[in-house]
Amino acid sequence: MAIQGVLRPGYVQLRVLDMEAALVHYRDRIGLDVMMTDDDGLVYLKAYDEFDHHSIILREAPETGMDFMGFKVASEEALDAFARSLRAAGVPVDEIPADEGRYLGRRIGFLAPTGHRFELFASMGRSNACPMIDNPELWHAEPRAMRAQRFDHCLLYGDDIDGTMDIFCRLLGFVLTEQVVAPDGTVIAAFLSCGMKAHDIALVRHEEKGKLHHVSFLLENWNDVGHAADIMSRYNMSVDIGPTRHGITRGQTIYFFDPSGNRNEVFAGGYTFYPDHPVRTWSTDEVGKAIFYYERALNDRFMTVVT
Amino acid sequence: MAIQGVLRPGYVQLRVLDMEAALVHYRDRIGLDVMMTDDDGLVYLKAYDEFDHHSIILREAPETGMDFMGFKVASEEALDAFARSLRAAGVPVDEIPADEGRYLGRRIGFLAPTGHRFELFASMGRSNACPMIDNPELWHAEPRAMRAQRFDHCLLYGDDIDGTMDIFCRLLGFVLTEQVVAPDGTVIAAFLSCGMKAHDIALVRHEEKGKLHHVSFLLENWNDVGHAADIMSRYNMSVDIGPTRHGITRGQTIYFFDPSGNRNEVFAGGYTFYPDHPVRTWSTDEVGKAIFYYERALNDRFMTVVT
Amino acid sequence: MAIQGVLRPGYVQLRVLDMEAALVHYRDRIGLDVMMTDDDGLVYLKAYDEFDHHSIILREAPETGMDFMGFKVASEEALDAFARSLRAAGVPVDEIPADEGRYLGRRIGFLAPTGHRFELFASMGRSNACPMIDNPELWHAEPRAMRAQRFDHCLLYGDDIDGTMDIFCRLLGFVLTEQVVAPDGTVIAAFLSCGMKAHDIALVRHEEKGKLHHVSFLLENWNDVGHAADIMSRYNMSVDIGPTRHGITRGQTIYFFDPSGNRNEVFAGGYTFYPDHPVRTWSTDEVGKAIFYYERALNDRFMTVVT
Amino acid sequence: MAIQGVLRPGYVQLRVLDMEAALVHYRDRIGLDVMMTDDDGLVYLKAYDEFDHHSIILREAPETGMDFMGFKVASEEALDAFARSLRAAGVPVDEIPADEGRYLGRRIGFLAPTGHRFELFASMGRSNACPMIDNPELWHAEPRAMRAQRFDHCLLYGDDIDGTMDIFCRLLGFVLTEQVVAPDGTVIAAFLSCGMKAHDIALVRHEEKGKLHHVSFLLENWNDVGHAADIMSRYNMSVDIGPTRHGITRGQTIYFFDPSGNRNEVFAGGYTFYPDHPVRTWSTDEVGKAIFYYERALNDRFMTVVT
């Protein structure tokens, strides 16, 4: 089979300060479905076009940010192979047994040099609310609110992004698709793909470890990006910037914040990537256009507000 | 690297009755760029968002149809491995040396049980008109006419689709994403992916060998599908059906004909496929909705007009 | 004030065979809001972007079709003036007193030569669900289902369309915007505007009197036309044709049927008309393109199925 | 006829510092067609969907800004009646004879209290490049560049906007559709319609007389607004703000500057206005949302940069 190894971002666990407010945000505004609340009060959600049981996990906590991000891999054998590769490279790997109550198969986890925890898993239970399979209609019911189709990627801020990139590219099979490079050759930002998307994870160099810049959801098109902006203003949600376009990936986008202050993105479009494509490179003097193609300048919030 | 083996459809060579009329169609209406005319009078074209030198080759000939379809593979090693696998399975493979004048590396070719010739190649020269790489703008110049982004896939008609499917799925690493199945279990139509697209090639069971149903081009969105329909009617082009949506793949689509009678498609959308997704299956009593989701019925042309 | 006399189509009363089924259709699929049910069981609905109390009235009856169509005029004085003009031209006019319970001011009514009843009114109560006025948000709540913005126009079939056109153009101030003319000069279809829309009412020559071809609702854009088509197929609603475009008016459209068999249209776009614009004329040999710009041919249903 | 008096904005004459640069901007980026250059070097342009000969006149001059704005009225009789009304109200009116070489009928002109010159005219020659009338196709050739459909309106800054509003509303038949009002009741901004558009001219209170805030062009939809933004960044045009939405009128918009510094707008959407609709009123504490619905804050440029 042509796509092997890591398939895609599978889930992300976020810390929110107030679960009720978070649910209004993720369920009623972004349009995710609540699949389950577990015994610890964690809430599991998914977008309407995802097959797996959940992709977003919310945990009420006194501090915001990301607990961990999980990637789905093609098979249990691939999972074992990644565990071996990581350990061979000196990366400590922990193993978490399958948890049927949470619809989740066994996982392996590791701490990346940027201070982020990543997990890999090969199986998750399928939801009843997943896309139809037999004579499938477009959807069960019309997508709601911002009509998010899937959890798409995260952008993470951390210090040793070279170290984390090395793990993803050399050990996990990701490919660098696009980068911002300083005049001295330092990579400031790196966009990595494990498939045909322009990015599945992105990293920005930053003095602190383990920071989350944003969690991103895919929309169908630019029309839905505008509709999402309408919803944000109608309900006075906190917006960072947009609607705009990224020069990097070409995605059409809005950044906004959940009620706890975690940044979200909804976006559409962006190019299809293939591994024979060249790396696209931006110089720091064009970084404004790289990040916000229409404004051609960064805003301070983009560089400094992380959780 | 996560995507291995066959990457994508790379080129298709079409026979047209009148080159001048064909160029008006493919260049001025669909919006492809003419890259080169070779010494034999073959014309090489590409869409604005493709890196490789060409994707459509037109050959003036007394009969319409497809000469061959070529798939790009990830490496020369992969090419060798596929040659070995095909030969090991009893499929005769020919080898064509690299042709610098045509910007094409060495190829291997084989005749599939449905009577279609396929080629595999690992390298093609990059065009000057390819997407930008350094501080890349969205495009060099605004996309023209129907604004086709890339050659996307072919739908082929033939008798022994089980045999051709077997080669693609067992030897070339394709995955069945969606199918139409008769009550007796016969697969009527099969949609195969080598990556994350809902299909890279599709096969329909048909009494004749080696037939072309359509060559498809990707558009950005439903808005551009409507714009393409405007162009078709403005210039009185021959339309088969659409704008409509496929139940299969969910693509938003129009079928139309080039001046020689070869069917084309322009489409947008469709789901993202991952190899852990289930196969979606349509029964023949719902085949109307499968093919044309809005009309919920096939038209005769769809089933009978092939080249 | 620049727009005087007749402002726009205000309401239409439709006969439906089964009110429950009709409500699923008009409320849950088209997305209208139910404003009131009166003592006679008539149900009053409106679209989310209309100020007046209602625009669609449903009456359960053993036969389908239209009871009457009402136009709003600019003032009570204009209403009196129209009553005088109609009577002076020999058109019998009846008067209906204001009905507060139905939020409706006094009306005048007349029977047109094509057998259709029309009413004129100058005042209607405003709904609580009307668009916001003070620091107005885009909408109270996100538009639902097909997201119809307003009742837009009717197309009516009748015998003496010259007579009805004469009343609308000479007495009510409508302007002919577009027409289909037979080789002998007979007008086959006429599109009339009372403002800047490409049509507020349209008439097609037909052997029977008093027939309804369709009631039309405005959508925001082509994207919503596609979304409406998705909904129609998802819920297996009866579709006539579309998504397509009209040559006449240039509107992007779908025709479909309510559960009783009354034809509806949802459409978007179309040109802005000004009274200094020339009349656009189609010959009968181009009538296919006039009606269905993409198909370039009429379907039988369009010409024969009326209620 | 229902629309009487003033029909619409007909033309605006702009001063540009460099005609060559201006033509690249208005012709190659916005997509207007150059209709004529007169003996004085003035260049006349129109959008593809306009019937009249021209709508934008460019004059090379050492200072930027607007020379005058002209409105088309319904008839020569209406023109005479407006001249009488203006004079009766003490507004000096000059008369300019018809100028066949410029395709323009006789005009009357007056200076408004805000220091802006306005003209009224009843006839202008029709262009060969106007929309088709007999069996009309959608367009002659595909709209180019930003695909502007028409010159739509101007926003003007001046001191005595009460005086200018009085002329437009009391003498010329315009209607106030929307306004921003300070706590003391002062109208800060007023949006006036002569037909069914949410505005045909807008006025903002400002210390200087005779200033131009922007000249606006209509696009088909939000998709074309995004496409216009792509063009602006691709060619490094000077952008003020957008893509965003106005709370006032609900239009989806981008503000940008021509090479001389005159502000332009391209926009789509906005509500349909009827004279029985209530005036919509914004308070100054919500003025951010009124002007830029997504940003919910004004930028300095919007309030201070005028030509």
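To keep things simple, chains are lettered A, B, C and D as they appear, and every chain counts its residues starting from 1.
Heads up, the rule we're going with is that contacts are C-beta pairs under 8 Å (C-beta built on N, C-alpha and C of every residue); 3 or more make two chains touch, one makes a residue touch a chain.
Quick caveat: nothing in here was measured; it's all calculated off a predicted structure.
Common neighbours of subunit A and subunit B under the contact definition above: C, D.
Chain pair with the larger contact count among B-D and C-D is C-D, by C-beta pairs in contact.
One simple way to say how far apart two chains are is to compare their mean CA positions; for subunit B and subunit C this gives 44 Å. Centre-to-centre separation between subunit B and subunit D, using Cα means, comes to 47 Å. Put simply, the C-alpha centre of subunit C and that of subunit D have 31 angstrom between them. Annotation for subunit C: residues touching 2 or more other chains are 137-138, 221-223, 230, 233, 245, 289, 293. With chains as nodes and touching pairs as edges, the resulting graph is complete, every pair of chains being joined. Note for the complex: subunit B touches subunit C at residues 222-223, 226, 229-230, 232-233, 236, 239, 242-245, 252, 289, 293-296. Note for the complex: subunit A touches subunit C at residues 137-139, 142, 145, 221, 223, 230-231, 233-234.
On subunit D, the positions that touch subunit C within their shared complex are 1-8, 49, 51, 72, 74, 131-138, 150, 173-175, 193-197, 220-223, 245, 247, 250, 269, 271-272, 274-283, 286, 289-290, 293.
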